[in-house]
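Two complexes are shown next, each including chain A; its partner changes from chain B in the first to chain C in the second.
And then the complex of A and B:
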């Protein structure tokens, strides 16, 4: 039988980071993925802890970590491992030529396509706001026919933000001439800039509307690849600073990050099986021996010494909601949830409280092993990472990719 | 969550498929998998809605593979295409490209003449919409079934049934012969059933769904007959394999597919399974050679990883590097079409570049049309993994 050291279930950020950390430790890893994860939906910026309970902004991600409740994944993982995981993530990015900036001691407030600011921890260099903060005059550049990015809306809303109200905004548009066929998204513009001709044409068009030395807010369009080549060429040619905003799906920054991490894993010998629908497991004496995928044709069995369960929450299929109960389908691990499922939701719109359903998930010990209601470890060689963990609402507190990185890393280090 | 529930409402419009669609990346004429597939399917359920850009979907299945919600997007597109052509006239071009098997049978009497004729008539083919630049395959002088009939196999108690498919049968029979040699080296006797017909993949992509279903019914009956007797079925073509086990279940309602699909194997995966059971002949001779590998999309879609890469890793000395550069662009007969040729080459450009930059002059891949496209686009030699397995077995005895 082919046996691997570790089988990672799930190809989102938690699974990718777990696999990365495991290979770094010299383990032989198989990653079973279904779909391409949510990075391309959610984005490539790393939130660690943006908002505390009550919707109060955390002073810094670090300070936020100290204030989370006992059931939060960060409490289980602990500060040293979180720091190590962030360091490890940044190391990979650096090594792959697509470095991230930021650290736990500083919240980075980055512009969004809606003209608001959102708190985060690590961003790619295309979202560096250093020059934006210093500038007295800011250019907001849009593209004709590009949906989901309205420069005048951004300029108008920035005027309402105290730290940005004093700046002068200029709105300019260029026409990428991508009108043929379908609606234009940031992905189309980014692909246009991936090509040499597109980049040259874009530089010419931009030269007509922006002055050298400007700070320019743009949608996430600086190429689809995990590289700063497009950014550097544009900035050199025009003498400007570009700042990408956070935007709607498909997420270009998430696409770059995913491409980079998958490439890193393959380079390091991780076997990746796509379209792997993990349906069940073989457990003997409190240990998982194998997991089984259910294809359209037949079942396939994957043996390993340890397993990392990073297949997401309700959206990814790692947790299934049924009236009055939540099911973890592969190991049938217990998920504590109110039997009255009316209590799962917070019904008030734009509330300052988290969603109860978003906090439902698996309880784990400090090594990320699943626990029963009495705190007893249920499976010795199974480690949980990512959204299937209980105790946090990633969307509310802005902590999703941070928990994914920290828990994926911790799971791999606990093996 | 098996993938044969064609429910467009499972789509959450997350757009991941758009980011992963190679056609969308290559041309703006295609409105993208989400829009053309599940979004418009909701309209098509209630009315005869026509989406002109539907013709650009190549059925490569990268959308299905990226979908976090298990929507068989490409299959929705193929069903919509069939519905569109239900009461409309088809082009001669699409008929010819869909009926490779019929064309091959017509040419089988005189393949030399047919090849000569094809070369002469590329101008005519161009007039009906087949690109004069595309890498159309030549007919082999002898089909696989002819070669197989003349082959003396050693008889063994353990037997496997081989589904050759059109490409191996008429264009690239050596792959089939290499397969037989590898099975024989593993003390397995190969059965080839005369009644097998084209799997239907080229018919489905051009909207000839009814004809494809007729083929399916015939194949299902034969496949089921053999698996009922306990014989495994093996393919060397990843698109045939995908059609026989998965797309039949998504497109048609034919009894028995789920049953035989349990015993239908890709050749590389079958050999790895033998290895797991300690039954694989591991008398591999050293091959001090370097190759690039290309994973066909229709293999990746099958949820078994890359068995070819794992298999070739067992051969001492062999250095096989996965190009890992996405779709080659051909998608069966998509890249043969005059109006799709440039798109197809644009899709494959990243792969061609990776191969050229590797400096390796031969690319290994399971899919026959991928091999044609790669040979054409990257100007390299190509071969099936089993050709190397056979070569390694032979090297052992030298």
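And then the complex of A and C:
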């Protein structure tokens, strides 16, 4: 019987960060992953705290942290650990040659594919808006056949944003000729730019439509790898500044971040098991002894001293919703939820209030251990991180990856 | 000031049927709809083209009308009808004595019922509960309410018919007890105007009482709310009715790749009380379990509700106690000439209702042309040559779908768009196989003012993802096409996603909850559609 120090359940950002922090502490870690979490959907942008209850923008992520309610995961984790976790995340990025810009004391308003701005905290350098802010004239560049990017939508809506209204916008298109009878996504364009020939061909096409010195808004297509090589080569060849937008899935920035973190974990000796469906647990005397995965052919038992439960919320499968009831399937941990299903959701999808259902999840102590309704720790060696936590609405607040990083880190530090 | 001979109020099946009938008889007519076409009850029901079996016992007249109209609509509206046939299945919970009564009543009004063994029924429909006791085959069919309305309008337009959507009636103008015009308000611009006319026909369904009240006339229409569930599976290839006296949750209707279960029945005060709730959904699932035991394991798409326009001369009759037959009220008897209301009835008999009303109006107008709506097809069939051309551009299954949605002329236009820009063949809506070209064509129609209007015409956004991916693309496409209604794209996003949310909210569990986390992640989390565009900005 092989016993690990820590088994991390879940391969999204919370699980990856938990594994990273655990290895830094010299722990022997196995990470059980079923998929890539929401990284390749939501993206590689680290939101920390954008909006408070009532829809009021937080002055800075840091100020926002201080204003969250008592049940919020940030309150449990505490400010020092959040700051450390962000510092740790930035260190990894730096070390892996794919550094992130930003800090807790400044909200970065970044352009989205809908032509809105979105408040966030940390972004890859491909989303640096320094030059965009300064520019009088902005080019928005689209790709023929890329059905998930509409440059005219961005140009038109930016004209309505006070800070952007004075700028002049030009919309240009290039044809990557990638269609070949099937639909084209940002991933196809990014893969095209990964290749030497693709990059050269793209530079030639761009040269015809953009002037040297331009600031160019583009979809997230600057290569699939966690590196700034594509950005730098393009900018050098054309003498331009490129700014990627936050956009719809598939998320290229999220893919880069995941690739980078997985590479970091492997270098640091973390064993990663893919396609692992954790079906049940063995619990004795208030402690988890092992978790059991179900594969296509057999069950497998993973023993460890501690477990980090980072398998997501409703989307990831870490929580299951039924009428008037929420189930946590691995440990059967209690989740408080209104039995009257009508109380789960607001009538308006978008409003100045968070959605009640989005805040449903596991209650934890400051060490991220699961609690029962009376506040008693249920499992001493299980630590919860990420979207299965109670008390936050990532979409509304713009706090998703921030909670993932901070809670993953805190869980690993509490082991 | 616009002028016409007849103004028809209501863009549901009955209204568009009347418009078509009038125009085919050479009468100039304008149809007014307060929202979009088929916004009301015509799209908020299970989409069953009744054989009449449902009504045979209690209302023989309605049963007879159903089987006759069923036969006609299969022919003239064959692109809207899926000839599925139907089962009437008695479960172990249902009264055996009713079965004999039902068979007898069907025979009396001419509805063929063929008994088959339970084994045979389970072989044909393996998802049916093995506990069922007896099964009959009946000539039910599935009908697409949206498409039926659209194709009636397309036909009416060819005969000169005009349609004004988002136009609500604010007054009925009369002089010497004779209608002379109608006062309307554009609900999008707020602009009020008059249309001069000789005749007004109210086919406003659940809203008919409100329209009549504008002329000080009392019409007792009691809106009766029915909630339904759409499942993302073809649970059954045939319509399955529960063989018992009409009650809640006992009809399953397959439509393409989905199945609709309905309905509930509850009297409501307002005709637009159409927000379904979780309690109704749970009740429907509990009842539906008797016919399909695995019902809880099927993925739901959404819940929706409509109001049946129940009419009774007796102001105390409500719910399933009220008749489903229709009545034409000539308000000349109330002292106002040139005003007719048609009330009650059901989708299956819309054409017959239209014919009777049009007969009445034509009598006054001294128009002798006979009705031809029962013999002339709504749209022309797509020629094999055009289908062959369509297959060059559409996915295999998509070509068939597009042809039946668009009809011959529409398909031709969409193909022309793809020929001009080949990348427009890409699917904007993968769930329902809708190309970018088709969305752009529908968006350019003069009756499109918001993304939901495009949805009703194309079915985009009505599949599994319920707008998670296609909302962004459709807003982008509307904007890229420079359409006048696309100015405020944030409004477009919110309108469409809120519309989808209305049906998702009452079924927010299981995979629907997963999908919603994704949708909110995209539109709220990433694109910040709801966020303030901050002045301080970046």
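The definition used in the following text is that the second predicted complex is superposed on the first by the 414 of 415 C-alpha atoms of A that agree within 3 Å, B and C clash if a C-alpha of one lies under 4 Å from a C-alpha of the other, contacts with A are read in each partner's own complex, and residues count from 1 in each chain.
Rule of thumb we're sticking to: a residue touches a chain if its C-beta (ideal position, glycine included) is under 8 Å from a C-beta of that chain, and two chains touch if they have at least 3 such contacts.
Treat the numbers as computed from the prediction; the structure is a model and nothing was measured.
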item	value
Partner chain(s) touched by A:2 [first = chain B, second = chain C, both, neither]	first
First, second, both or neither for A:294, with chain B first and chain C second	first
Touched partner set for A:187, first chain B, second chain C, both or neither	first
First, second, both or neither for A:67, with chain B first and chain C second	neither
Touching partner for A:315 - first (chain B), second (chain C), both, neither	both
Comparison of chain B and chain C by chain A residues contacted	C
Which of chain B and chain C A:36 touches, first, second, both or neither	first
Chain B versus chain C as contact partner of A:249, first or second or both or neither	both
Touching both chain C and chain B, counted on chain A across the two superposed complexes	38, 41, 183, 249, 315, 317
Of chain C, residues touching chain A in the complex	275, 277-279, 281-282, 422-423, 426-428, 436, 469, 472-473, 475-477, 479-480, 489-490, 493-494, 497-498, 501, 505-506, 508-510, 513-514, 516-518, 520-538
Chain B-facing residues of chain A, complex	1-2, 30, 34-38, 40-41, 178, 180-183, 185, 187-188, 191, 249-250, 255, 263, 266, 271-277, 279, 293-298, 300, 315-317
Parts of chain A lying in touch with chain C, wherever the complex brings them together	38, 41-43, 47, 50-51, 55, 57, 108-110, 112-119, 129, 132-133, 144-145, 147-150, 152-153, 156-157, 160-164, 179, 183-184, 246-249, 313-315, 317, 320-323, 341-342, 344-345, 347-351, 355, 357-358, 394-396, 398, 400
Chain A-facing residues of chain B, complex	1-4, 12, 14-16, 18-20, 25, 27-32, 35, 53, 64-70, 245-246, 249, 261-264, 272, 275-276, 300-306, 310, 322, 324
